[in-house]
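Per-chain residue numbering starts at 1, and chain names A, B, C, D, E and F are given in the order in which the chains are listed.
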Amino acid sequence: MLGVDSPLLVQRALSEDLGGYGDITSAWTVPAALRGQAVIRARQELVVSGLALAEEVAREVDASLMFVREAADGELLQDGDAVARLEGSARSTLTSERTMLNFLSHLSGVATQSRRFAKAVEGTGAFVVDTRKTTPGLRSWEKRAVVHGGCRNHRFGLFDLVLIKNNHLTAAGGVREAVRAAQAMRPHYIKIEVEVESELDLREAIASGADVIMLDNQDLEQLRRLVAVARDLKPDVMLEASGGVRLETVRAVAETGVDLISTSALTMGAPAADLALTLTVEA
Amino acid sequence: MLGVDSPLLVQRALSEDLGGYGDITSAWTVPAALRGQAVIRARQELVVSGLALAEEVAREVDASLMFVREAADGELLQDGDAVARLEGSARSTLTSERTMLNFLSHLSGVATQSRRFAKAVEGTGAFVVDTRKTTPGLRSWEKRAVVHGGCRNHRFGLFDLVLIKNNHLTAAGGVREAVRAAQAMRPHYIKIEVEVESELDLREAIASGADVIMLDNQDLEQLRRLVAVARDLKPDVMLEASGGVRLETVRAVAETGVDLISTSALTMGAPAADLALTLTVEA
Amino acid sequence: MLGVDSPLLVQRALSEDLGGYGDITSAWTVPAALRGQAVIRARQELVVSGLALAEEVAREVDASLMFVREAADGELLQDGDAVARLEGSARSTLTSERTMLNFLSHLSGVATQSRRFAKAVEGTGAFVVDTRKTTPGLRSWEKRAVVHGGCRNHRFGLFDLVLIKNNHLTAAGGVREAVRAAQAMRPHYIKIEVEVESELDLREAIASGADVIMLDNQDLEQLRRLVAVARDLKPDVMLEASGGVRLETVRAVAETGVDLISTSALTMGAPAADLALTLTVEA
Amino acid sequence: MLGVDSPLLVQRALSEDLGGYGDITSAWTVPAALRGQAVIRARQELVVSGLALAEEVAREVDASLMFVREAADGELLQDGDAVARLEGSARSTLTSERTMLNFLSHLSGVATQSRRFAKAVEGTGAFVVDTRKTTPGLRSWEKRAVVHGGCRNHRFGLFDLVLIKNNHLTAAGGVREAVRAAQAMRPHYIKIEVEVESELDLREAIASGADVIMLDNQDLEQLRRLVAVARDLKPDVMLEASGGVRLETVRAVAETGVDLISTSALTMGAPAADLALTLTVEA
Amino acid sequence: MLGVDSPLLVQRALSEDLGGYGDITSAWTVPAALRGQAVIRARQELVVSGLALAEEVAREVDASLMFVREAADGELLQDGDAVARLEGSARSTLTSERTMLNFLSHLSGVATQSRRFAKAVEGTGAFVVDTRKTTPGLRSWEKRAVVHGGCRNHRFGLFDLVLIKNNHLTAAGGVREAVRAAQAMRPHYIKIEVEVESELDLREAIASGADVIMLDNQDLEQLRRLVAVARDLKPDVMLEASGGVRLETVRAVAETGVDLISTSALTMGAPAADLALTLTVEA
Amino acid sequence: MLGVDSPLLVQRALSEDLGGYGDITSAWTVPAALRGQAVIRARQELVVSGLALAEEVAREVDASLMFVREAADGELLQDGDAVARLEGSARSTLTSERTMLNFLSHLSGVATQSRRFAKAVEGTGAFVVDTRKTTPGLRSWEKRAVVHGGCRNHRFGLFDLVLIKNNHLTAAGGVREAVRAAQAMRPHYIKIEVEVESELDLREAIASGADVIMLDNQDLEQLRRLVAVARDLKPDVMLEASGGVRLETVRAVAETGVDLISTSALTMGAPAADLALTLTVEA
């Protein structure tokens, strides 16, 4: 199932590219009746993501254009592998090309980056998770791409997890006060996570019954120490490391014993993946 | 003037973050009456872009929240410089924070990247220009950010320039045929650009009266040679180099004598800029 | 803060009422310059909800119409108490009347019904919670009204809690298999709830590590027995009773020792509250 | 034909339920390839309404899901009767379930309630009609449900009938003045109805040429008297009783000789109808 | 009150004109700080209509631009008279100019044309009314313009009057059958109009109780005869002439004694009115 | 390909006509099962335009209604020629009729008017072009209709050509200053056009390197003189005549030697074309 908002997203993207006159180059240089076959290929190793949007682009541009998937979202492809094939009007294919590729490059970029992080922590037991640092308008698609690449999602937005950060602690008057206030109001199915920067806060957070503890901006040594303190107090408490994590350092962080490592490098920091469409027109 | 589509864009971004229950953490841990002062600061050298969207976020979340710009779009800031200040409800400030920063980080990233490229070609007489490889839904904002950083825009979409590429040449039967076909149809104010990959095509494109020639995927030596050929035939023909340009190589490309260098590195390849909001609540 | 979707909701409601010609009766019988003062009053004991929407109606109809709240969402009012006052154009007041009252009646109805249930279980330690049986298009407003009335929210939709029901159990092959499958995929902050109908399933659900157990369609005796079994296995497991609960029976259910009782009676079953607007025109 | 606004309405309802991650329970516990057969059945005697919306929900969730109607809008069903059948992906069926049922329960509730009132006045010659007290966003669907149940519609909104109420009378200076003012402005095809509360006003309304007279908040005795007065003056004048009508009292009101009885009990006062979906998965 | 759909209409119109880059000429040639005063004037005798839309254009482009009305919708102006004044940013004024004028020219054209027809029938007792031949997307504004010009509205759409035409008569089996069918279904407040082309049909329509009779495509002689027949049968029956009416012939048609004359010349046939904006910039 | 905004445009047009109750006349007088065949015919000589919208209307009203084109956009038809045929539900055909015809009449009117102008200048080498004086919401469709009729498009909006008019010249300080300012900012693919009213300005515009010169509001003699001056200075400069051009005068203007003649007569001044639908129902 394609998300309910995707037609709007695709229409908006096409509208940016087509303006009022449409694809004037194809209209004026490509015969209306010319048919072609096209293939979208990976031009690097990548994890595919965004196929549903590419398919919707083709359908919006020309309902008679055939779009056949040659790979699935989440699949690892090598340079040269086919992602999808199109068959139909050559004009419509060219008109669709850039918008299809923009979705696929962006989202496969996120999935591929996520795969790098997932591989980096393999075997440690820790998961790398995303953040809310996403491209406005594309969050649900980027978060799916994170999963396609083998990482996990953190909360979707402000509404599905209580995540008490420094500003909230200051406003509430401390860890205990903030956690208590949230516990008094939250529905039974909503967890509470607290960001701590000291051992004192960590102990208070666990004592207050927080479900998850975020250890923010700690070096490896501090992380190891805090993990030990936490496990000693409550062995199964969920621990998340956060702040300044890079691909080069993520394994070391994972080896401190935390359960989760969150980083915006999966989404905002992901380089676009390289894909291209080639068209063969019929003689 | 804020673009006519921006309220929709901002509402969509906020809707992703607020869902049905809104900012539950702030609602349950921050007193409703608590007021605060916040400042958004650069945490690296950057060129600001996207202030209108950040301001619109604040207004949508809480019309009584004051948002005061401390910098202008296109301004170069140093690490620690203020971008904007907010004053009003502490809850509303925290609710707005991430969406404001996501717009500013993404667009200031594009502007800052564009500045790097603009500096790299300074003094050569060439301009670096963007492409249509933009984030779906954000094209007009990314293209403004490119200008904020000191680069130029290429065509906005498929509708405001005839750009004849390989696929069109094949379909039309050659450079001359494609250019003639476009000339016969185009309104008087629309220019024609042709992508060429050989000297033969270059000569034919100039002979046919193309306004701009794109020299695609040429090495420096070939570029220099083709520029010489072109200038010899028509001194003031506009020449664009395209394909695989990086920050490290862009100056050398500019020095071949082309007028324009297009690269998706300005938009899809731009790393997000680092900004942060700090809140001070009133005693 | 008014939800980001509320202007659309209010515009849609007004559009239903105004059509293409608008309020023809007021336009043709009420002088354009006539000003008036109006008050919206409760005509029964009720808990107010939906004031932000009523205020938005007034603003959409006529930005110069003053709307002053005389009560707050969640406040308990008696028959005759004022909810809000309006001052300005008599025509605009009459044009707004029905749409304002439709929002207030519907949502105050939900809040008032929720208060009845909340009072019924007072002192038992159990909470009454809502379901996903809501009016299409109004879920976030109805769920806030539930809280205004003193009850709690269950999950907002399909996306913020794993709730494994009979159909999922059948498809997955049993309680253990379903819980394991969900545990393997869920982000760390998402809880898992399982619906059980037998003691065997209850034991398996607890053993598998489900966070919440829904005891569906049990009579009081069975409920008491299952609560005892569950508390014996895991004292702090969260238990929810569900199915066929009415205002007359909810206290007895609460006294079985469950933590939560879910019922669609809070939303779909809530009778509209009675409110009315009276207008005084200036001499 | 499905109303032009229904796709938007259905998308909005689905969007509430799916959020950004979609139906996580089905995604994680039900195999993607599992197919099933489902039937939606009445669990009480009811008049069906809203089938077009339920069908649209299925189509939006998964275009390959087959939805076959087993009953027609307006049909009276008994407990256990099938309303519709679905065949296709088990996941898609479960994802659609609640949104389909929310539309059907709400609208069949209105139709069933309308049938109760229609039966109550059977043989009296009077019609029971709806009001503008409808759920914001659902008016056209609720008004169709009223007809499915055997009652009639009153005006759709403020735009298709002049209905002069007390506030208008005060503003205009009296019945005669208000009716004259409206007569001078109304298009030829728009009728004029006047609300009266005394015999004097009734006589003036008829003398002024009002097409319909609303007798508001009268007891049975007064109604009978006013009907007699009106019939005496103008035998074929259309008379509507309004205010505080209940199922228990509606027949007595009808027997006073009025032509129409309007009541919000058809819409805002209608209890939701009980329907359920059962799924059988293929072995 | 501005119609609820007008912001969308204005945004769509501005979006056509601004595209992705906005008003590049003003941005590049007019200093950002330059302020100006502008006046919109009639350049012919005209009846103003559409001021609310022009004002909304100014507000959408730049909320700080002052827009002051110098005339009211429905007012008759002479060549040179001021319609409105603007004060503020010169750039914003120029950016708004064309969209403001397009609304005003189109709608004042309809109002002015309507005035011509209204004057032509003055004193005859007949009204000229519009049709459903309107510009898609602008019906409610064109219909208001018709009233501003002194004519009347016919039904708004297919939903607010039963208008039985030839095709319906054929399908229903005759005038009597069609009218009876409609009478059996219509709400009490909906009138029935029937199109007739012969005396036989006219007699049947009146006998069946139709509220309005449309005499379609009759010459003056036939009209006079049918009017006499109709008045003889039912003196107060409402009679409408329709088909091929022009400004030159409308008075003669009115003098046949019909009550209404409908013509698409008021809307689709109305020439745009001539208005212009002149800007004075501050020294 | 149908433009991406057309479904919205068609839905809005249908929504105007259907309101909340839909086509009540057809619903109550035409049997649901009745099938028919309909043909849309030209009732005058006309150039067809808008078929895609008419087809979309049919599809939105009833997906099972067959719509077959009997002509193509841009085709010249004679009185009586078929434009399209429909087959299917008689009700759905009647419900679609007016909205289909409104699109076709309006756009074929523009195309037919454009053909008149195109014929008038045939053989002169000049093109007649449109302006931005278009109906709000319909610009892209009207501009396509202009091309269907044989004329050319001028710029689409404010964003795709620099067009420096009097107000900009005043603000910038003169022709040279304005052109230089635009040259310094414009992307390489955007042309610059300048409006001039004197020989001095004309000389300065050419000297500054403007791509196109608009000669505004000149009589024929002045036009001839300015064309001679311009051709003398720069033989291939593009020259546009503008202001007060009518069908009777356009050829004389073309014969002055200008390249382009712009006139709002193609769009705002175009009379609607006459088309009609006739329905045959099956026995």
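A few remarks follow.
We take it that a contact is a pair of C-beta atoms (placed from the backbone, for glycine too) under 8 Å apart; a residue touches a chain by one contact, two chains touch by 3 or more.
Quick caveat: nothing in here was measured; it's all calculated off a predicted structure.
Chains that touch both chain B and chain C are the following: A, D, E, F. Looking at chain A and chain C, the chains in contact with each of them are B, D, E, F. Between the two copies, chain A and chain D, the Cα superposition rotates by 120°, quoted to the nearest 5. Interface chain C/chain E: under half of the residue numbers present appear on both copies, so the contact uses mostly different residues. The greatest centre-to-centre distance from chain A, using averaged C-alpha positions, is reached by E. If you average the Cα atoms of chain C and of chain D, the two centres end up 22 Å apart.
Spacing of chain B relative to chain F, judged by their CA centroids, is 32 angstrom.
Per-chain Cα centroids separate chain B from chain D by 52 Å. The multi-chain contact residues of chain C, meaning those touching 2 or more other chains, are 16, 18-22, 95, 139-140, 153, 156-157, 159-160, 190. In terms of inter-chain touching, the protein chains here all touch one another pairwise.
The touching residues of chain A, when paired with chain B in their complex, are 9-10, 12-13, 16-31, 34, 90, 94-95, 98-99, 101-103, 105-106, 132-140, 156-160, 162-165, 167-168, 170-172, 178, 181-182, 184-186, 190, 264, 268-269, 271-272, 279, 281. Residues of chain F that touch chain D in their complex: 11, 14-15, 18-22, 60-62, 92, 95.
In the complex of the two chains, the chain F residues touching chain C come out as 16, 19-20. Against chain D, in their complex, chain E makes its touches with residues 127, 129, 152-156, 159-161, 187-191, 193, 211-212, 238, 240, 259-260.
If you check the complex, the residues on chain B that touch chain E are 1, 3-5, 139-140, 143, 153, 156-157.
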